[in-house]
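Next come two complexes built around chain A: one with chain B, the other with chain C.
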Partner chain A sequence: MQRECKISVHEDREFVTIDVQGDLTAIAEEAMGAAYQKACDYSPEKVLLKFDGRSRINSAGIALVINLVIESQERGCKVFITGVSRHFRKIFELVGLTKYTSIVGSEEEVTAS
Partner chain B sequence: MPITYREVIELALPSRSGLERVAVDAAASVARLMGFSDDRIEDLKTAVEEACINAIEHGNQQNANVKVLVELIADDSKLQVDIHDQGKGIRGTVEKPDIDAKIARKQSARGWGLFLIQSLMDEVEFDWNPETGNVTRMVIHLKQ
Partner chain C sequence: MNSGAETRDVEELAEDALARRVYHLNTLYELNQEISTLRNVRDVLWTSLLNIIGVFGLRRGLIAIYREGDTRPHEFVFRGLRKNTATRWFRDLEPHLESPSSRAICVVQDAGDSPLAALLKGYQFRIWLPLEVDENMWGGIALGEKLAEMSFTADDLELLSTIAMSIQNVLSNVSLIEALNQSVLKETRIRNVFQHYAPESVVSEVLDPSNEQLLLGESQAVRRMFEEMITRLEEQHRLKQDLDLAHRVQEYLLPDAPPQIPGIQIAARSIPARGVCGDFYDFISLSPYEVGLSLADIAGKGMAAAMIATMLQSATRMCVGSYYPIPAILSILNRFMFRHTETIRYATMFYGQVNARESILTYSNAGHPPAILCRNDEIQLLEAGGSFVGIFEECTYDQETIELQPQDALVIYSDGVTDAGTTPESVGPEDEFGRERLEATVLAHAALPAGDMLDAISEEVIRHASGSKQFDDITLIVMKVE
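After this line comes the complex of A and B, so read on.
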């Protein structure tokens, strides 16, 4: 009933991208954990969480992002987010995640930051 | 004198994770017919999803033989969504989620459902009685 969630990891010279295709809900927990561990293999200073523009998130998905932020902070790694809808951004602002992540319009903004 | 109407649409969902999307899509369809904006429909979808997940997981313990009843009650000024389950409802005080505490690992990363419902809907109430079970009642108003 939910859009399938496919998560993949890509390395750039400047940062590592975790590419999320689909809705971020509880069913994505295992895939997100595995993707983050793979991202950490590159010891990045920046991680970009890239959504597909149509992705939805619920409270369980918010918890996955919070866990990713916690682990990234402990590694001294900044978290960036892109590809989110206006509603998705509103949810992030409501819960306060914009204090701990940067929502950017493009990958170039991650490189420049 | 304004024309008034009242439509009641009922859904009975087996308490199985994922089926909350049926209620989400139905609520969104009704809200669209009523003329709610896209932004308000997105708010409604998130609130209905969270309330149904609570009903399925906490209220009915994911027992697919027990139904979550969703009532969509539309009139000319508002949409009310009642979500019924057979749980005991909210007991005691619920810890308010705090992003700083969660990032500091002083709170679980989870626990945003009620917060989102209350933040996104115009009116929210929770009711429980031993005969009818638990109901989460949410209202959004059409702004004229």
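After this line comes the complex of A and C, so read on.
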């Protein structure tokens, strides 16, 4: 059963967090676009895409992440990802996302990087 | 002997390959399900494009649908390129639309100097894949480079072709529904215009007030019936597409014929309980005189079990190809199943390798019903191994090597064979075919060649189960030493 996706944005001093609760699929496209725009309003140097650890991300969801990563790259903004299971970490690696993002274990790692 | 580090590297490569295959199969399955519920062309194109971009990790992509003879797209979606770039692309593509090359797949890296390849390259596309929807509509998918900066592989192209087939099927259905909806709307509009503009005397003549209510009521009832019918047809169509897709994937993976190994006869059969099978069997040729035999049964039934079966079969082939010892193969498959499927998903599996030159069978049994070896009218059960595949993250397995003798008969089977004749409501074992009956049947027919022995066992099982509905997949491999 697909879990509803809720996306929120929080600003920290060092970076902006896009918090994804639930499963990331095509349905979340609009919410993800709006969240990213909101994140960009802070003109961040770093964005943390934070999943809840149980999120299922299908290939349409991966496309949303790819879009975010490419746009951030064009803006000179670094993207970090946290809270993904081992399986999705592997998928991110296979589709080439890990060449352009860093998967981190905690928010402290974003600050330290 | 491999060093620990080398073994780990190989294991990681195998895991990558397996994870990629699972991701591809999941995408195929989910995309097919998702677009089957959509009712307009644009939504189908958009959802498909997102999934294609995600499954290959692409920088850009575009799908367009044309009406036959048109040079401007009827509908299109794109991602990863600006609107004016997309507009230029369609303009530059126009001269190519009449060319047969636009109706064939074009992979830029292999296409040499073809004009279409040059155009694709100019827009940083790497692939053009045509879509043949129906006699009135066609289209194409243009895909950019991968984030991983790797070329498209033969497996990618195969997946892409299967995705294109799903999109074509759905679009053909959606365009039919759109046309039907249009005709109902048209009929309603004509009626409204007639009532609005025709002189009152004509309206009264054609529709007297009492009849009008009746006619309007009838028209609405017909529309409701039509909509219900469409919903039912769509549902049926979705289910059929689901089954067709799983069938296509399974048929593609099932071996066409047993391998020819001197001195060894092999025959196999699988009878699914519902359109698709949660069991699989496979023969993996290792050398001219060596073959791997696998038979697995996935917990659960229906589409989900069938997809896992397909995944496990594919994973087994890859692991066996890397020449690991059998217990290591099962450990890798176990870890892979545990990590990449839901916790409720597990499988029982028998895997063995026959070496005809050395006359040996080496096998390991992962919680599967013991295979039956029949020798000189005696039965030996092959039980060495370990636990189910996919229940615990780390499992170790034992293997056993048996020296084969002439006229030995080996029967590997799924529990659908021994459970045949029972129903989900059965309370006792009295109805089931059972292992004792299976052993007796194997003994009775052990002198036959493998193919005849398989027929004889299958007939006995089916005869026993006649009258009861088959609720589990029935799968058998018979091997006979000459």
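FYI, the second predicted complex is superposed on the first by the 112 of 113 C-alpha atoms of A that agree within 3 Å, B and C clash if a C-alpha of one lies under 4 Å from a C-alpha of the other, contacts with A are read in each partner's own complex, and residues count from 1 in each chain.
Here is the rule we go by: contacts are C-beta pairs under 8 Å (C-beta built on N, C-alpha and C of every residue); 3 or more make two chains touch, one makes a residue touch a chain.
In this text, all values refer to a predicted model and were calculated from it rather than measured experimentally.
K.L.:
Kindly say whether there is room for both chain B and chain C on chain A in the superposition, answering fit or clash.
P.N.:
Clash - chain B and chain C, as placed by superposing on chain A, overlap.
K.L.:
Of the partners chain B and chain C, which touch A:Glu29 in the superposed model: first, second, both, neither?
P.N.:
second
K.L.:
Which partner does A:Gln73 reach: the first (chain B), the second (chain C), both, or neither?
P.N.:
Touch status of A:Gln73: first partner only.
K.L.:
Regarding the shared-chain residue A:Val95, is it in contact with chain B (first), chain C (second), both, or neither?
P.N.:
In the superposition, A:Val95 touches chain B and chain C alike.
K.L.:
Given the superposition on chain A, at which of 8-16, 188-196, 260-268 or 296-304 does chain C overlap chain B?
P.N.:
296-304
K.L.:
Please write out, lowest number first, the residues of chain A touched by both chain B and chain C across the two complexes.
P.N.:
Chain A residues touching both partners: 26, 58-60, 62-64, 66-67, 69-70, 86-87, 90-91, 94-97, 99-100.
K.L.:
Could you please specify the touching residues of chain B with respect to chain A in the complex?
P.N.:
Touching chain A from chain B are residues 17-22, 39, 42-43, 45-46, 49-50, 53, 97, 99-100, 102-103, 105, 108-113, 115-116, 119-120.
K.L.:
Name, in rising order, each residue of chain A that touches chain B in their complex.
P.N.:
That would be residues 1-2, 26-27, 56, 58-60, 62-64, 66-67, 69-70, 73, 85-87, 90-91, 94-97, 99-100 of chain A.
K.L.:
If you look only at chain A, which of its residues touch chain C in the complex?
P.N.:
26, 29, 58-64, 66-67, 69-70, 86-87, 90-91, 93-97, 99-100
K.L.:
Once bound in the complex, which stretches of chain C touch chain A?
P.N.:
Per the touch definition, chain C meets chain A at residues 15-16, 19-20, 23, 26-27, 30-31, 34, 46-47, 49-59, 79-80, 146-150, 339-340.
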